[in-house]
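Given below, in the form of structure tokens, are the structures.
Here come two complexes built around chain A, the first alongside chain B, the second alongside chain C.
Right after this comes the complex of A and B.
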């Protein structure tokens, strides 16, 4: 037990706490050249240069907007597909499941090239709608898998119980299924937002450079030798999924029958 | 005058060419409790699921209060089903679970929920979550939740099978009284004959997709319709496809005890105790059958003689109803 705890502590320090602290310190100081023997030179230059970039706020808001839209579409598609996969028994189910996972097995760039032509034809290329749709390619297979597993864990009988009591389809989804699927929604939130936020190639191809997201602003900085700016940018980037996660968590508190401090009567 | 509450007419269910239910017909009167008993895998659960509306029959009709409800969805039927597992919603408290049942069926009244909580003895635990109460309490809450929807018919699918024996016994009587005090029409499915006798006014022996016999416990024991009913009841020594002898007329000894009777060789396999009496588990060699019967005293040897007086041998009634 003690050994396990020690390992946990060592791994957490090594892989999480130390790198994060280093990143934070670097973002708040001038690039550190340890061989010169000098200490850290504190300052806000990293953040100052970052915020000078006129496109930063626009890119941030567009990224958040796309992130939320992609998350919403993922929850909707994943929920109903996952539910259907658990509810119905039919021949060739395994094949269908494999087919639904296939977008992550085929390189997404190949899909994007093909879809680009299609999007040009239907007028979605270079639009934010086109980018939202293309971000579904690397995310939807995961959401279907996550919801499929969660529904399976919930069990068919638990899904039949509200129906037997007299609940309609939507009442059942909102009062029983969504509250019980909270862990799935949590995992999906992080997964979807992080995947959507880090898409460079897909966004660049379909958005044609007109739809400005954070990676598009971030990439030119990679050539930069100023590690302070990079550190500041990384922290800014990391704060976005974190704050979106908090927003989703708050929204989930409004789901019926949430365990809230003021709802516990005991 | 009695009124037909629920009727099943020629219900058939086939699944991948297997006939699970075969032209099943029966009816229930208002306030009647029927136990359906049969071996595992005989299709009892399928029958309940069809009644509840969770599955569609391949053929036949379900009629409730004179109206055909075969095509009605489960949430529109005034039929509730209590599953083998309590299936309480884990994110709701005991009270919320009951209120949920009342609200989704649009029959919510504060007083009703309170009286149900009182009836199941859970007032103290009303704000507990399902994970914080015992299995028996959970099953009682599940029943209250089903009752909160004010169903005209309530179906039970082996609701006590996951409970320990002493709790099961208490809950059986409690549910029986609860249902009869409210004059609720109910169907109770079980594989346990004793449970079936406690719960039901009528007992239906179900096997091979059809009712082998429907009647009171007394009728079933006195004149079983066929070999299947008799072998399921376990209260008879089956001699052949047509004849049987009630176990209480069977005599066991070291040698033939009556002159005018049939005699068989048997071995004592095991002795157990039930209701304070020893039970001998015998293997009747000539009939290749096992029987269990209470006895007094001890057997001097493992080899015994089973004697049946001629006037105790009866033939199967063949009457299903």
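Right after this comes the complex of A and C.
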């Protein structure tokens, strides 16, 4: 067991922790030239030059805005559908689940290209609303899966009890289900934001280059920025889901039956 | 219970409304690929050398990346799942999931390109005479960079999907195999595999369809020839001439149909009675 643990630590450090640390170090020092025998040259230049770019801030705010909207719609759709799937017990359920998963199996590029003309016609092309809608395609199937699993673990009894005690639909959602769904909402936050931040092609097609999100700044940056700036930009991409996670965690404290850190508890 | 039934129906409404987006988009892609001219565009791309080599390259690259990710993820989870119960361990494994795919792809370029950290470090250590002797692993015609990026990024996802399954397998089953004289291989095929198979098939489908048709990573770390189908489709869509647009639609529709058939085959395998019986009474 100890040997196994040693192997586990070696592998995870080598494959996951060290690359992240290297990226962090590179973002805090001048581009590396080890072959010439130089050491690290520390400095904040990478971040300083990155933050001087006015496009970066605009894109960050737009990306965060889209991220929150997409997350909110994901939680709503995921919650209803997850709940419906556990209440539904008929034949053909496997096919229903396959149908709900299918949007991530069809290439999203095909969907975005197909919707492009339609979005122009109804005036959603080149707008932030159109981009939010198209970002639902690669995220919602995951949300439905996660919420479905959580509802299954919660068990039917937990859903019947509030019903018996006379709680209405929304009371039940807010006082029983949402507090128990907290772990699901946490994983959903990460997944949705990271997927939304990963979309270059979808955002470029539907946003028409007018909706400036972070990937649309990142790709052109590649050609004319040095490695320190790009490393800082890469770290910036990871900081956004982390900070949004903290915001969601704070918001979830206001759910009923949450342990508030400023209250005494046994 | 009629009321309850109606309520359940109402709960499916948001998902139904959502499904309109992808299905309408796909339907429109099919219509535009036909363009009122029948199958001429399909005929054209199926005779195009560029398209066919791109299809082969995409399926090969995505297939290798997916199979490697699943094997490595499965091995890692099987070997280490007792350790993964610690949150801190899981957090370390899931570091790559914090970054978008193309950012991780950029990290691969930093790490493994001919001017990258590895090449620099090996030169400094005297293992390489010159940095240019470092093998070409990024922007290479073999798709090695694409495969490395995807495997590195998807292995944590496979672990994330498989870990709950391993955690739910009751250890008594392994004891049963042991007492009946089975070895480690029997333990894997009779206990692990029936439980894992639905998740494995689903992971394969999710990862394969993503790696086959995603644009960002091949655009960043691939070459112009051979190119992945998504890069070709994007180029046709935004290309210099509008005449290429129907070709982009035809290429993406063909990719979608291929993936849909693969999905059907996957679900067909899963619903075979033998696998259902081996999973026991689990729904």
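Things to note:
We adopt the following convention: the second predicted complex is superposed on the first by the 255 of 266 C-alpha atoms of A that agree within 3 Å, B and C clash if a C-alpha of one lies under 4 Å from a C-alpha of the other, contacts with A are read in each partner's own complex, and residues count from 1 in each chain.
Keep in mind that, in the parts below, contacts are C-beta pairs under 8 Å (C-beta built on N, C-alpha and C of every residue); 3 or more make two chains touch, one makes a residue touch a chain.
Here the structure is a predicted model, which is why all the values come from computation and not from measurement.
Once the two complexes are overlaid on the shared chain, A:121 sits clear of chain B and of chain C alike.
Set against each other, chain B and chain C differ in how many residues of chain A they touch, and the higher count belongs to C. Shared-chain residue A:259: touches chain B; no touch with chain C. Applying the stated contact rule after C-alpha superposition, one finds that A:99 touches chain C and leaves chain B untouched. Look at A:241: by the touch rule set out above, it reaches chain C but stays clear of chain B.
With both structures placed on the common chain, the touch criterion links A:175 to chain B but leaves chain C unconnected.
With both structures placed on the common chain, the touch criterion links A:162 to chain B but leaves chain C unconnected. Chain A residues in contact with chain B (one complex) as well as with chain C (other complex) do not exist. Contact residues on chain A toward chain B in their complex (touch as defined above): 157-158, 160-168, 171, 175-176, 179-180, 257-259, 264-266. In the complex of the two chains, the chain B residues touching chain A come out as 52, 54, 74-76, 80-81, 83, 85, 87, 89-93, 96, 100-101, 104-106, 127-128, 145-146, 149. Those residues of chain C lying in contact with chain A across their complex are 4, 7-8, 11-15, 18-19, 21-22, 24-30, 32, 76, 79-80, 83, 89, 92-93, 95-103, 106-107, 110-111, 117, 119-121, 123-124, 131, 152, 156, 164, 202, 205-206, 209-210, 212-216, 219-220, 230, 233-234, 237, 248-249, 252-253, 255-256, 259-260, 263, 267, 270-271.
Within the complex formed with chain C, the chain A residues making contact are 4-5, 7-8, 11-13, 15-17, 19-20, 22-23, 26, 32-35, 37, 76-77, 80-81, 83-84, 87-88, 94-95, 98-115, 117-118, 133-134, 136-137, 140, 144, 149, 169, 190, 194, 197-201, 205, 215, 218-219, 222, 227, 230-231, 234, 237-238, 241-242.
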